[in-house]
Amino acid sequence: MTENIHSAPQNIYKPAIMKIVARHDEAPGVRTMRLEFQDPAEHEQFKETFRTGMFGLYGIYGEGESTFCVASPETRKEYIECTFRQSGRVTSALASADVGDLVTFRGPYGNRFPIEDFYGKNLLFIAGGIALPPTRSVIWSCLDQREKFGKVTIVYGARTVADLVYKHELEEWQKRDDVDLVLAVDPGGESPDWKHRVGFVPTVLEEAAPSAENCVAVLCGPPIMIKFTLNSLKKLGFEESNVYTTLENRMKCGLGKCGRCNVGSVYVCKEGPVFTAAEVALMPQADL
Amino acid sequence: MTKILYTDKLDNCVERWRSAGLSVIGPVRNANITAYRPVGSAADLELSQILPDRSIKELFFPQTEPMMRYSIKKDAINTEECLPPVGPRIIFGARPCDASGLAIDDPLFGWDYKDEYWFNRRNETVIVSIACTKSDEFCMCTSLKLSPDSTKGSDVLLRPLESGKGWQVEELTDRGREAFKAIAELLTEGAEAAAPTAVVAEKFDADACSEWLRNPENFESRFWKEISVRCIGCGSCTYLCPTCHCFDIQDEGDTFTGIRRKNWDSCSFALFTMHTSGHNPRSTQSARWRQRIMHKFNYFPGKFSANSCSGCGRCTRQCPVDMGITETLQEISKLSQ
Amino acid sequence: MSIEQQYRTRAKELLSSGEVKMVIGYSKGSTPDRRRPAFISTPEDVETLVLDGACIANLSGYLVTEGLLSDEKRVAVFLRPEGIRAINILAAEFQLNAAQVEILGFNTEGNEPTALSGSKVDDFAELIGTLKGIIPDTAGEELYKKLEAMSPQERFDFWQSEFSKCIKCYACRQACPMCYCRRCIVDNNQPQWVNTSSHTLGNFEWNIVRAFHLSGRCVECGNCDRACPVNIPLRLINRKMAGEVLEAFDHFAGSSQTQEPVMASFKKDDTETFIL
Amino acid sequence: MSEQFEPEIVAFVCTYCTYAGADLAGTSRLKYAPNVRIIRLPCTGRISPMFILKALQKGADGVLISGCHPGDCHFTHGNYHARRRWMVFRALLNFIGIPPERIKYSWISAAEGLKFADLINSITEDIRKLGPFEQYDKLIAETEAQASL
């Protein structure tokens, strides 16, 4: 070895300890937790680095770590909120943790939504099911500085009425005059008193037909939804470079080392998770 | 005139190094397998094998290592880091391919975030490589712009003498010079000729392969299915590879105390990329083999400017179904013509 | 005509007539003494098939490749007697329909392959019957006897030194035709019965579980043993278990395609001398 | 005076027979060695060999597996299947080098409270004679230690 490589002073794998200060059930099996840092220095570091779109590794010692986005906006850095579906070993353990319990957190990692670039533009948010949390981080980051943006449209769909997450916030957005919220559930998922639309997100989006003029779209959802919604956006006249999305891959380190999140040459954990549709189009589609 | 280390002085060298506080590591044969292991004396060293069965990476990136210990009490979680034991060591008798494998992985482990578990060991280790005078049909360093006497990653390179009685010493780094100071008086100045290095035929054109791999059209080529049809999806190629660096993080223990570990993991396992939802981005063995080749010869060089392969050939040597990088790249070479 | 040529001709006929969609056999490997699995689906490629004393891998595991037999078409495969037994087990465990498998049976004595007559698994029933109780090959016999004579503690020490080499690459599992589970017990993490880490304790657990799951199912083809990159003598454990099952339950794995799996069946008068 | 070694024994028992038998021993006020921790399972057929391995790994000195007599299984033949499994597993452990004497098997019906108490006493004595199970200690120590290289 010709040059001496000095180690960083801090162990990159050591997580911060967080306390659960609130938790809330969003939908069957889906829960939101609000976490607070226990170490002020770590909190300071988080405040300095966190921007909307970044993700973290949430964990319970003894079970492991699990990757999901930070669902709270960059305008509210006093805490971290995350929303997850209980599906595996770690998320089951997280789901059984109560207010006051301690969990671990590593992050924030990855890149971010370039919100400054959105100033003065109309915003279109499209999300499906459990993919609202990453979108929500951007939505609030923008709504907290509402004056800097043009028209805001949110299109959100889920399989059934019960599967809609952030129901309180949906109500809040519904009431605001400066937000255009379009809600939909898949056919068959509506309840008798459902007053909103019934249909799949791409169809609902085409019906709502937001203008592509001076507009940026943020699109999050399962791969199949993304695929069809992108077609709809194209029909509406959106440029691929104006459509942002986040990729969620399996990760263990979040630091660009463990090698499992790669899509083509892209390390999702370091170069992502936020990509424009144009960037995603360049990746090998089969590996997505 | 060059410095020469005679074989009969080797035992003394090991002793000197050990008394200077270095732990001495070298190829050792035990229970039907040769691996880099600590040695007590020169007699433990097995230097005649073409290369050890297991790669050198496990000295820096062990198959399983504790990262931290946790203990959980009612209202506190205590994390105790288990950074690797810091202590100087010298690896005697590494093969140039193994040594260069380490240098290839340095940028990956140091990319923005520095992995202390890797670098603490790297910074404490002197690597003394011995140029190869023997090779087998699986060796392919020359196809990767390396050679049986390449210096990449080594602190000292030894070239076997024609007489077989010792080695010419080529000190390459300060670290190497420092380690050889301790044995300076055991070295002899001489003009004895070095034995010719092994002839390793060039098996494929790595540049042409990389170019073929970079062409997006070839990503969906039928070639990938055909070349990997017999792959059984075990991890032996990746685990024996000196440059494969993928890992898993696993917790072992109970609700109150336990250990978080860093374990080898392999891109050839189906579960490697499996999402909780059941969606698997690389759901077929051919997609996983394609990822391995693409990663080594397209993605990795794109980011870290070197192929993630040092040509040791262990993947092919040990493959249960006789697959490996050599064959795949040979086929790609043919396709790219 | 050499047996190799004879089987090439047969493979060609099978493919040309459309009787099988694929022939799984052996072709030349990367060195003169290596053979590699070959998947032939056109009559022209049949010439690349090789059959000689170096063809020892059990190819039956490829038959349970996802989707291979789901189109109801037939596949021909080169098999030694162990491989034929493996087909019986896979059929008995409902992993494949034996009628879809055309067997190109052969055996290797010394360096020369000999043909086994028959094409369906049932054609080989008599042959398999004669193999019962016979150790298919004598590799490691000496070590096996030595191990049997040891005290438990000595055996433990032996296996400790062997398993400490294990790197958990799962080549033994992947190479085994009987390890067809979509999700292996080590891949389940709720609960995590087997530590995924490859420290010696985790390696012990893994190898015990592997051997247990193969008890009464292993045909001793030696695929695991040959696949192991760190040379753990895995076949010794499997041989022990095969012997145990034969002795205790008179069960010779893979005798027929209707044979009940030994761990999924019982006799009311099974031995129970050890039960208090 | 050196203290007598008190073995820790884990008992995996079926709920219909042995557990009821243990209950009977209790309600009959029979005294037996307090070294056994009972884990109740629906049937001996549910007792995976993994349970035994885990118990040994977590520090048990002995393991007892017990269920209904042949023919008495609540699920008609769970114990027949279990019997085959134990037979094979015993041989496997023996070949790997874990002494089979540390793992005991028994049939105890709901009516055999006395047999349960006697059995617990006798296996506790047996295991006490064998001493603590230390074979795994070195392995466990290895998992706790720093990676040795």
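In order of appearance the chains are A, B, C and D, and numbering begins at 1 in each one.
The working rule: a contact is a pair of C-beta atoms (placed from the backbone, for glycine too) under 8 Å apart; a residue touches a chain by one contact, two chains touch by 3 or more.
None of the values given here were measured: they were computed from a predicted structure.
Novice: List every chain that touches both chain A and chain B.
Specialist: Under the touch definition, chain A and chain B have C as mutual neighbours.
Novice: Looking at A-C and B-D, which pair shares more C-beta contacts?
Specialist: B-D
Novice: Please work out the Cα centroid separation of chain A and chain C, and write it as a whole number of Å.
Specialist: Distance between chain centres, rounded to whole Å: 48 Å.
Novice: Counting only Cα atoms for the centres, state how far chain B is from chain D in Å.
Specialist: 46
Novice: Roughly how many whole angstrom separate the Cα centroids of chain C and chain D?
Specialist: 34
Novice: I need the residues of chain B touching at least two other chains; which ones are they?
Specialist: Where chain B meets two or more other chains at a single residue, that happens at 64, 248, 250, 252.
Novice: Scan chain C for residues touching two or more other chains and write them down.
Specialist: Touching at least two other chains: 195, 197, 199, 202.
Novice: Enumerate the residues of chain D that touch no fewer than two other chains.
Specialist: 143, in rising order.
Novice: Should the pattern of chain-chain touching be classed as line, ring, star, complete or other?
Specialist: other
Novice: Applying that definition of touch, give me each pair of chains that meets it.
Specialist: Inter-chain contacts occur between A-B, A-C, B-C, B-D, C-D.
Novice: In the complex of these two chains, what residues of chain C are touching chain A?
Specialist: 189-190, 192
Novice: For chain B, which residues count as touching chain D in their complex?
Specialist: 25, 37-38, 58-59, 62, 64-66, 82, 84-85, 252, 259
Novice: Which residues of chain D touch chain B once you look at their complex with the stated criterion?
Specialist: 143-149
Novice: For chain B, which residues are in contact with chain C within the complex?
Specialist: Residues 31-33, 53-54, 63-64, 137-138, 229-230, 232-236, 238-240, 248, 250, 252, 261, 263-264, 266, 269, 271, 316, 318, 320-324, 326-327.
Novice: Looking at the complex, which residues from chain D come into contact with chain C?
Specialist: By the definition above, chain D touches chain C via 48-50, 53-54, 57, 70-71, 77, 80-81, 83-100, 104-107, 119, 123, 135-136, 138-140, 142-143.
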